[in-house]
Amino acid sequence: MTAHAIELKGISKAFGPVQANRNISMSVAKGTIHGIVGENGAGKSTLMSILYGFYKADRGEIWIDGKLTPIPDSQAAIRAGIGMVHQHFKLVENFTVVENVILGAEDGALLRPSIAKARRLLTELSEEYGLKVDPDAMIEDLSVGHQQRVEILKQLYRHADILILDEPTGVLTPAEADQLFRILERLKEEGKTIILITHKLREIMEITDTVSVMRRGEMTNTVKTADTSPAELAEMMVGRKVLLEVDKAPATPGDVVLKVDKLRVVRGGVERLKGVSLEIRRGEILGIAGVAGNGQTELLQVLGGMIPAQGGTVTLHNEPLDVTGKHSNGQTRRARGIGHVPEDRQTEGLIMAYEAWENVAFGYHQDPKYNTGLLMNNAAIKDDCADKMARYDVRPPNPRLPARNFSGGNQQKIVVAREMDRAPDLLLVGQPTRGVDIGAIEFIHKQIIALRDQGKAILLVSVELDEIMGLSDRIAVMFDGRIMGERLPSETNENELGLLMAGVTQGAA
Amino acid sequence: MDKMPKWADVVLIPLISVVLALVVSGLVVAIIGESPWRAMEIMVRGAFGSAYGWGYTLYYATNFIFTGLAVAVAFHARLFNIGGEGQAALGGLGVAIILLGVAWPHWTIALLAAVLFSAAFGAVWAAVPAYLQAKRGSHIVITTIMFNYIASALMVYLLVNVFRVEGSMSPESATFAEAVHLPNAASFAGFLGFRGSTPLNFSFFLALLACVFVWLLIWRTRLGYEIRAFGHSDSAAVYAGINPTKIIMITMIISGALAGMMAINVVMGEAERLVLDFVEGAGFVGIAVALMGRSHPVGVILAALLFGALYQGGAELQFEMPAISREMVVVIQALVILFTGALDNMVRMPMQAFFLSLRRRREAGARTPAE
Amino acid sequence: DGPAVIFDLGGKFDRSFNESAFNGAQRWAEETGGTFREIELQSDAQREQAMRRLAEAGANPIVMAGFLQETPLSVVAPDYPDTTFVIIDAVVDAPNVRSVIFAEHEGSYLVGMLAAMASETGTVGFVGGMDVPLISAFGCGYAQGVVAVNPEATVIANMTGTTPAAWNDPVRGGELTRGQIARGADVVYAAAGGTGLGVLQVAADEGILSIGVDSNQNYLHPGSVLTSMLKRVDVAVYDAFLAGPDVETGVHVFGLEEEGVGYALDEFNAELITAEMQEAVDAARAAIIAGELMVHDYRTDGTCPVQMQ
Amino acid sequence: MDFLTIVQILDSTVRLATPLLLACLAGLWSERAGIFDIGLEGKMLAAAFFSAAIAFTTGSVWLGLFAGIVASVFLSGLHGVASITFRGNQLISGVAINFLAAGLTVVIAQTWFQQGGRTPQLATESRFGNIVLPGAETRIRDIAQQGPLGQVYSELISGHSILVYVALLMVPLTWFLLYRTRFGLRLRAVGENPAAVDTAGVSVVGLRYAAVVICGVLCGLAGAYLATALNAGFVKDMSAGRGFIALAALIFAKWRPWYALSACLLFGLFDAIGNRYQNIQLGEFIVPVQFMQALPYILVVIVLAGLVGKAIPPRAGGEPYVKER
């Protein structure tokens, strides 16, 4: 048996009162792909960050290639040949790609030679692995998929032998994810060792050799991927049986609720929506598929009142909705019965510093039931919050806990509870399960379908094709600010959608 | 789960920080060859040892409550209002205009008018930088600093050319009519030993009222909710339908109004006339007060009291120990600001570790018998 | 028991009247062996506080310098009828107050004459501190003296600032001086506290003449400081301290006659002041004392008969 | 307005812009690394005092300069300890440093020299003299006799203290270090996203301390210039708000070195004009002196409102780098 590329022995780590990792031991054989799964907050990222020297473990040893290797900081990890692509990218947004790649790995005090060398190597690497990016593009101008390429290139540039990827596919399209996996397989063939954290069991099954399950800071199981199944993994993670397929009755669409006609949006001088028209009926879920950055975000934002449109009309129940003028904002939308689960819960949907109960009123704070006269009725809001937390299974069910102390999945449940519990006539949902563990995904999907079954209209935007296919009653594909076409989920497949998402129309295909 | 009990965070840490600041100040006092013990005793006795001392301490504290609240309110919207100095100066202008311009029959009505005018003038002086921030993206820190300088020039011009009494050299306005003099502590709390000469006046209650107002505003009203939400995340605020321009404008107007009302204490309550440069850095001290008070009205009151005591105790120190100049008092203030405001983590980190280990031990202790 | 002095916001070492007051008190202490109490104000609100504290502690007389003390004193004085207060630079009408004011315009007139006589270009400068009527009085007296000697002369006047910081901005003082030199000034009179040090420095660097103020500043740059306009606050304090609690109250004007103001002549500027200049100035001095020559005081009506630029 | 006056105003602009420029570059280094610094004022003041005090006692202006830099770096270090090591509030630390410097300089000055918080006047030998370029006239009255070219050469180009030329040199130097070296790349990165630097295996703390020290050195130069070149000695509060104006210039310059130069020259120009022209008569109306003196500040506001628009500070600026909460 070959030496283990990585061996962790008795790693423990506490953040203040939170025991994030408890006495964890794990080993990964050289040249394999090892998966780690677990609920939100189970401690996966923490463990990997310790391996990468970002956090310092309170206790425990790290052995690399059979040698005890203390890793007090990332410098040591890099020297030991470890590279990590973090869940939240660690890129300097207003630097170019080359600058980000050489940062910390420059040759010599002057930049010019390093940059020249990096540019050359980047071209080589991108040809070798098909990781194409413009070396002189600013990170902030790149799509998330490209940003991730930069992160991976960064690690390759540093000759990492051990590559850690923390939820790399959360932001990728299926095609991009596929491409990533091809690259990972190539790297594996080259003898590199890879650790992959993901919430998507399909990915685990597809690519890993072994997989570990974490629960509440502990490593509960490690198995050969070949010997297990998604259902079994899910049960090990959550501690109960989980429904992996979406279970829903056929839709019975009613009257038109939302009618969008030739909607145009210009942001930062770029036309993001180039005349979008669509309709949603009662009791129907319209799924918008598309690669991130093709106007879905703007569509949701305009309908949710966050940004103004430059042209076009929108009607709700045949009454016009102001989308261009002064009165187009989140408050007036809510007054018209539009709920909105935003794409980014942390920067839009929640105030991370607010306690759960305060977040439950967020956007609805003008609601008379939350107010008595001039003042807000905090007691009423707290009651309402406790009630919602119980019904939406938010854990821990503590209204006084600040939002930032909930795991991603539970944060999302708070947003979902707030927006859906009022049973809005129209619900806008963006990326409802991004980065959320499977237990929470199951729950959120159920809620969305239940709302549809109450006869409400739902506009679902997601980059997860599985999710779109599973939930939608109708699917519209967006590309470059336009709707490329509509399909029924029963009459299409991922391939066809994938082509549409790439802007390829029937005729050309 | 918190790392330590709330009382430790709110009371213990500031207390230890203040003590540290005083220890370092004591060192400085010792270095210039005076006894730190005696200095300390004089300061404490001077600030709190008599009704006379309390009168001045609370008088200064009143100023700092107003300016501290002004900074605190703006902080909640993540706006850094360094313009308290200028806003308060303008507030004084408002007070002087309304008290000199109208023959008020009684101080109560005059006070209402003065509140209105000082608040309005301060608000206007804050509204311009706010507007520029909201609409033009001009950095509010810089514009408010500039507005301090502009206010100062404006006040000099007005005092020298408009308000100055015929034949008088002092750049100050005429004394206000007897009828509008605010009652001072001797008249409403004479039984506590306050004498007619105490500067502590009715505005103190106004300051406390302002604290209640700010508390209600920030933590109990929809506006306050929106202000805090905007302060934490402007992108989320937009999602919720909160208008950033509106919040910036309203917050700064309230902030400026509070700073402006400081003038009531000094101009109407104490000097009874408009004098040059009456703000005397209270706008800047307000920043420290707000930060130390964690932008909470109760914290602001406590921090204002501390700075009031430093001002008054420092004055006594200088009266009694000629070797200690007023700059020494500035040094002490600086150290208090440094230790309580900027170096507070120096105390907090070990305290957190301490409380955490206490808790671990308690939890371990609780577990053992069960096993 | 014993006299006391209150220094105004500039602080007792402002090289201006506070320092002068301190010197007077110091001289009294050295000569009589007595001790005195002193307070340096930190803020406006402390004015009354300081007076009351000293009065209650039994200090008598209590001397204070600065026109800003006027209003507080008029409030405090009646409360302590047994204490004598001395205020310098302002008039307070109360039976137990001695008001000492200086005829700065007269002293400035004399140095203005010297400036005009020393000037080769016919252009002289004036740099004031904070723009208040008192400083305008300095400037106006100076301008009158200049014009008396040379009716064609130009007087360039600048104030350093509008806030108390103007007393302490030597850089700006220096810049103003440079500007005045460029416009032809070859004598510059600084009535600007600490700011004046910058004026004197630049004048020395540029090889022109300067005039100091308040105390004798001739020694600062020998050969460059033409003279200093003396304002004997120290004498006023010394006199009051010497007279003790029984110091005469009422208004006392310290003019040329009382030697309350004047110009400085010592070894540092002996070469700059010719006998002829001295003669002319002394004649004017005599005329003013005799009442034959009236120097207009800006403070009386806020105007100046001489146009300055 | 004659030509010499214009040249003189420009000359005065350069002189007045120099301390602004040094302080502005100091702020640039610090803020580019993510440490906001409103304590520039205090550091300048401390440097001004110590440079004057040591120059006076030793008679050597170079020792004075060194002492000023040491004092300023010490306060920088304090700011660093508060905001980097102890992750304190950077604004309040700056405020405290301003107060501390304002108080301590006077207290120490009083203890050492007993001149009421001033240093004694510095003799010419213990000041930075003006460097006279070959063939240039020195005295204003001689310069006035020269032709336009000569006036520009003698008045504007020649005759400044060495620190003026050093300050001007600092601009390209700063630019080069920031944009052309490894150190600069890392330093800018740490002000934008410290986590990126940290995960790249570079010490965030080390970089930030380096930036803060550079800031201290530049503030030291600025303070020394005030006390030993522009003036001849220290008087209390002699920095007179220049630290704040430098911050305004920094924002105006959008945290870039060459823009900083233009911004500081512009503010220096406002200042020079405000010094020179007072009580301007416009027809019947006399513009009051207070207006002229407030003019630089009014212009700053107008410039910020009209010309710059949104100035985006370094993204991690003002926030301590916290990994574990």
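The first chain written gets the first letter, and so on, giving A, B, C and D; residue counts start at 1 in each chain.
Here is the rule we go by: a residue touches a chain if its C-beta (ideal position, glycine included) is under 8 Å from a C-beta of that chain, and two chains touch if they have at least 3 such contacts.
In UniProt terms the chains read A = ABC transporter ATP-binding protein; B, D = ABC transporter permease.
Note that the structure is a prediction, hence the values are computed from the model and not measured.
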Chain labels contacting subunit B and also subunit C: D
Which two chains share the largest set of C-beta contact pairs: B-D
Cα-centroid distance, subunit C relative to subunit D, in whole angstrom: 34
Subunit A and subunit B, separation of their C-alpha mean positions in angstrom: 45
Centre-of-Cα separation between subunit C and subunit A, whole angstrom: 75
Between subunit B and subunit D, centroid-to-centroid distance (C-alpha), Å: 30
Where subunit D touches two or more other chains at once, by residue number: 110, 117, 236, 241, 290, 293
Subunit B: positions in contact with at least two other chains: 152-153, 156-157, 160, 325, 329
Set of subunit C residues in contact with two or more other chains: 11, 131, 162
Listing of all chain pairs that touch each other, if any do: A-B, A-D, B-C, B-D, C-D
Interface residues, subunit D side, partner subunit B - complex: 38, 78, 81-83, 86-93, 95-100, 102-104, 106-107, 110-111, 117, 236, 241, 244, 247-248, 251, 288, 290-291, 293-294, 297-298, 300-301, 304-306, 308-311
Sites on subunit D touched by subunit C in the complex: 4-5, 8, 12, 15-16, 110, 115-118, 121, 139-141, 144, 226, 230-233, 235-238, 240-241, 272, 275-276, 278, 289-290, 293
Subunit B - residues contacting subunit C, complex: 56, 59-60, 152-153, 156-157, 160, 164, 167-172, 175, 197, 199, 266, 270-271, 273, 275-278, 280, 311, 314-315, 318-319, 322, 325-326, 329
Residues on subunit C engaged by subunit B in the complex (per definition of touch): 11, 38-46, 48-50, 52-53, 67-68, 70-71, 76, 79, 89-90, 131-134, 162-164, 299-300
Touching residues on subunit D, where the partner in the complex is subunit A: 179-186, 188-189, 192-193, 195-203, 315, 323-325
